[in-house]
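Below are two complexes that have chain A in common, paired first with chain B and then with chain C.
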Partner chain A sequence: MPARVGKYTIELQANPAVLGFASVVGKKESEGPCGQYYDQCHKDTTLGESSWEKAESRLQNEAIHLALHKANLNNTDVDCIFAGDLLNQCISSTFGLRSLDIPFLGQYGACSTMAQTLGIASLFVEAGAASRAAAVTSSHFCSAERQYRYPLEYGGQRTPTAQWTATAAGAVILGKREEYPTAKVGLQAVTFGRITDYGVKDPNNMGAAMAPAAAQTLLDYFSDTGTAPKDYDLILTGDLGMVGGNLLEELMKKEGKDISAVHNDCGLMIYDLEKQDVHAGGSGCGCSAAILCSVILQRMTAGSLHKVLFLGTGALLSPTSSQQGESIPSVAHLIYLKA
Partner chain B sequence: MPARVGKYTIELQANPAVLGFASVVGKKESEGPCGQYYDQCHKDTTLGESSWEKAESRLQNEAIHLALHKANLNNTDVDCIFAGDLLNQCISSTFGLRSLDIPFLGQYGACSTMAQTLGIASLFVEAGAASRAAAVTSSHFCSAERQYRYPLEYGGQRTPTAQWTATAAGAVILGKREEYPTAKVGLQAVTFGRITDYGVKDPNNMGAAMAPAAAQTLLDYFSDTGTAPKDYDLILTGDLGMVGGNLLEELMKKEGKDISAVHNDCGLMIYDLEKQDVHAGGSGCGCSAAILCSVILQRMTAGSLHKVLFLGTGALLSPTSSQQGESIPSVAHLIYLKA
Partner chain C sequence: MTVSKKEYKTMAEKASPGTTYGKNMLMAFLFGGTICTLGQVFQNWYLSLGLGKDGAAAFESMTLVALSAILTALRVYDNLAKYGGAGTLVPITGFANSIVSPAMEFKSEGYVIGIGSKMFMIAGPVLVYGTAASVIYGLILWFFHLY
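Right after this comes the complex of A and B.
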């Protein structure tokens, strides 16, 4: 049974187990520093589909099928699936997963979606509402650019603070610890975040908008559990990029919690910022999903990484809200994973 | 603890309690057959805001505050809030609820969102992951028209099968039965739906696209629980409208489960179809939310309605997917409420 610890944290006493995970990425991501860790790399970013949106759906579909395969499970073994993405009405999830015939619960947490889906899925398994549950998300550079910014053909200039939406998807299958006692990685705790809004209005600097949300959730978690940064091997944010990542470290330092020794960000891991011309780093639901579902969970399974706080961050704006002069509300959800 | 019954249904053995509920609607809805039951009716559909999107955010904000007030609670008493809407990136929820300072989990189930948020919130309370949880959703005719169809100024013709997006919001606060033993209404079971897609491609006939999803979830529930339509006082779909509602009754009759004696649809209850020129009836997340959070929960609280199956239905399309020639995937989630 889950137990509330402090004001915001939920301890997963039954320790739901990671049964399988997979990542699928595009060409640019496969050429990044983590290229060797992904399950599938596509050289053609259309994935052979007739639109970017259909390509993104396919990323998600491939990720969940690979994760099921690696867990030695069929779709009928999964009781519910939590999925979301950045597209209007979350169509890469609904179209990508419609053939699965698994009870479907659409989630929207912008780039925090991997943490959000994992957090809710883990609670369903912990509580016995699901024997096995799946969490999956995706993003695609081309579908995101034309929806949020400019058509690719326009060739718009990017600001130095802008992040590059990853063409990527990640999926995780969770199950009950008692049924999988030998599973290497489990979920220990979840802290769902509150919306913060510090008045940042620049949609080309989402890292700055999201850093306060990340700091708030991380401080809530440390306060609830009485732990400190040194108690973890890695605090992995996704995706603050260079600007937001530095801001988070500063904000935490001011609160007396220096995370710089153990902090890394999925947006900094997915690309080589100097060589790949991605300005402040990667972003998009698929960025943190693909990093978590490749190098991180692989290292945890192999025993070279043990205690990880995965902190998904999301900027909850839309092009309409920005055009109407609104600031950018943000949220961050935390998952404590232990090998 | 929740218990799985059959393949798809989750029994809420701890019977989470409805602590408060509220509905806020626009002018047209206040002039409909349920006008007397809403907590707040706005005569000006802008709600004094400078955009339709901001007006919709305010609907949601007012609904949650009224529900908290009626439950004699403050925002700090609620451990998490599940919310969603039809707008791109769910901005009426994120902007409408950002001031609440409650852990926020954005949901996307199109018009099934009220059932989806209620279902997940009830599981969080049932499992002890939250002492109190809130579910809220909204829609607004004017924000939906310009996003999904045409700008209002264009004056586009509507087809006879089209539904009218309700300007409305509804909110429910749930709490643990042991802490509120005298609460009149509780949640007994949840069945989350699988995505169905029968190839319907007409975005002006979403009732027809959603009816098979509603039938599938309802049949799953009857099969899992061994119950029949006659075991319930009301099977309330939201929102199939006239076309989809009739289709659902036909589909169920073919399967030997005649629901016509106990079936009603929120899209048929919210407007007077003959006098209010709404063609096939109401729709939008706020439609089923406002009907559930007014006349239905009021009648259940008063003891004149006892066993209700609330079946939220959602069409998981986007304008982009329709423009790319795609069909309309649909989903339906079921909640069993008992007074």
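Right after this comes the complex of A and C.
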């Protein structure tokens, strides 16, 4: 059964197992530094579909099918699926997964959705509410641009702090440890974050807006568990990018918990910042999902990475709130994965 | 956390790289200047073909708008604007791009609620305030002509 440790952390004593995982990405992501690790790379960003929304739905659909295939499971073997994305009413998830015939619970945590869905899926498995549960998220550069910013062909300039929404999806299938005792990777603990708002208003600087949320959740976790950054091989934040990543390290130093030796960020790993002209790095639900479900879980399965704190970070703004001059509330959810 | 909102604001400002104004202004000057020079070349050409001053100016604007629309449709204009900045935004070509790009983008929602309603999502405010400003300017001019 899940057990609360300290005020915010939930320990997963039964240690739910990762049965399968998969990542599907677009062209730009496949040309990035982690290109060789993804399960499927699409050279055509439309994925042959007639709209960007359909393309993103297909990313999710392919990710979940690949993850099921790798776990040697059918869709009917999964008791519950948790999914989310960035689009209004989470249509990439609902349209992408409608053919699966699996009980569905849509989630919205902005770019923290991979950690949020994975956390809830792990709790369902841990509590015995599901024998197998799935978590899947996606984002698509083109569908996000048209909803949050400008048309693709509009001649605007991006600011140096702006991040590039990844065209990517990732899916993880979890199962009960007793049924899969040999599974390499398991989930040990979950800390759901509190909404944090340090007054950053620039929607083109979401890394800076989200860094305090990440720091808050990390500090809660360290305080609840009595552990320190040196106890982990990797602290992987979702999409803080260059600006937010540096700010998080600075904030943690001020709190006496230096994470700089073990910290990396999915937004920095997914692209080559200079060569691919993505300014401060990658972002989007699919960014952290694709990095987790490729290089990270592959390395953990292969035994070259053992203790990982995965910290999904989300900026909980909307175009309306930004236009009304509101600051950006943020959240960060932490998952402790161990191999 | 021990860091206050005020302290964090200073930290965030320090950590966030700013816009390189010098380079941006130079690029805007070069791109904007090139577009305007091109416009002048067209105008001179139309004049030499025998069009009057007003006609040549109107044809010149139409040529630049058409060129911008074609470059937008060919997915070239936004790549020029990445370097040109205000140099490609301010001239009439930027205005054309701001109408053609949403028309292309929202084609997937159909001709009425897609292209029709979204076409002026960026240019709309320019038209509204441009018209309002010219009304005010006209009133001022009318007022001074009374005396």
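Here is the rule we go by: the second predicted complex is superposed on the first by the 339 of 339 C-alpha atoms of A that agree within 3 Å, B and C clash if a C-alpha of one lies under 4 Å from a C-alpha of the other, contacts with A are read in each partner's own complex, and residues count from 1 in each chain.
To be clear about the criterion, a residue touches a chain if its C-beta (ideal position, glycine included) is under 8 Å from a C-beta of that chain, and two chains touch if they have at least 3 such contacts.
From a predicted model like this one, the values you see are computed outputs, not experimental measurements.
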In the overlaid three-chain picture, which partner chain does A:S51 touch, first (chain B) or second (chain C), both, or neither? both
Please work out whether A:G109 is in contact with chain B alone, chain C alone, both, or neither, and reply first, second, both or neither. first
Is A:T161 touching the first partner chain B, the second partner chain C, both, or neither of them? second
First (chain B), second (chain C), both or neither touched by A:L97: first
Of chain B and chain C, which one touches more of chain A's residues? B
Look at A:E250 in the shared chain and tell me whether it touches chain B only, chain C only, both, or neither; answer first, second, both or neither. second
Go through the superposed model and pick first if A:Y198 touches only chain B, second if only chain C, both, or neither. second
Of the residues on chain A, which ones does chain B touch that chain C also touches? 50-51, 53
The residues of chain A that touch chain C in their complex are 50-53, 146, 150-161, 198-200, 205, 208, 211-212, 215-216, 219, 243, 246-247, 250-251, 254-255
Could you list, by residue number, the parts of chain C that touch chain A in their complex? 1-3, 5, 8-9, 11-12, 15-20, 24, 72-73, 75, 77-78, 80-82, 84-85, 88-89, 94, 97-98, 100-102, 104-106, 108, 122
The residues of chain B that touch chain A in their complex are 1-4, 8, 10, 50-51, 53-54, 79-80, 84, 86-91, 94-95, 97-98, 100-110, 116, 120, 123-124, 126-131, 147, 191-195, 197, 316-321, 324, 326, 329, 331
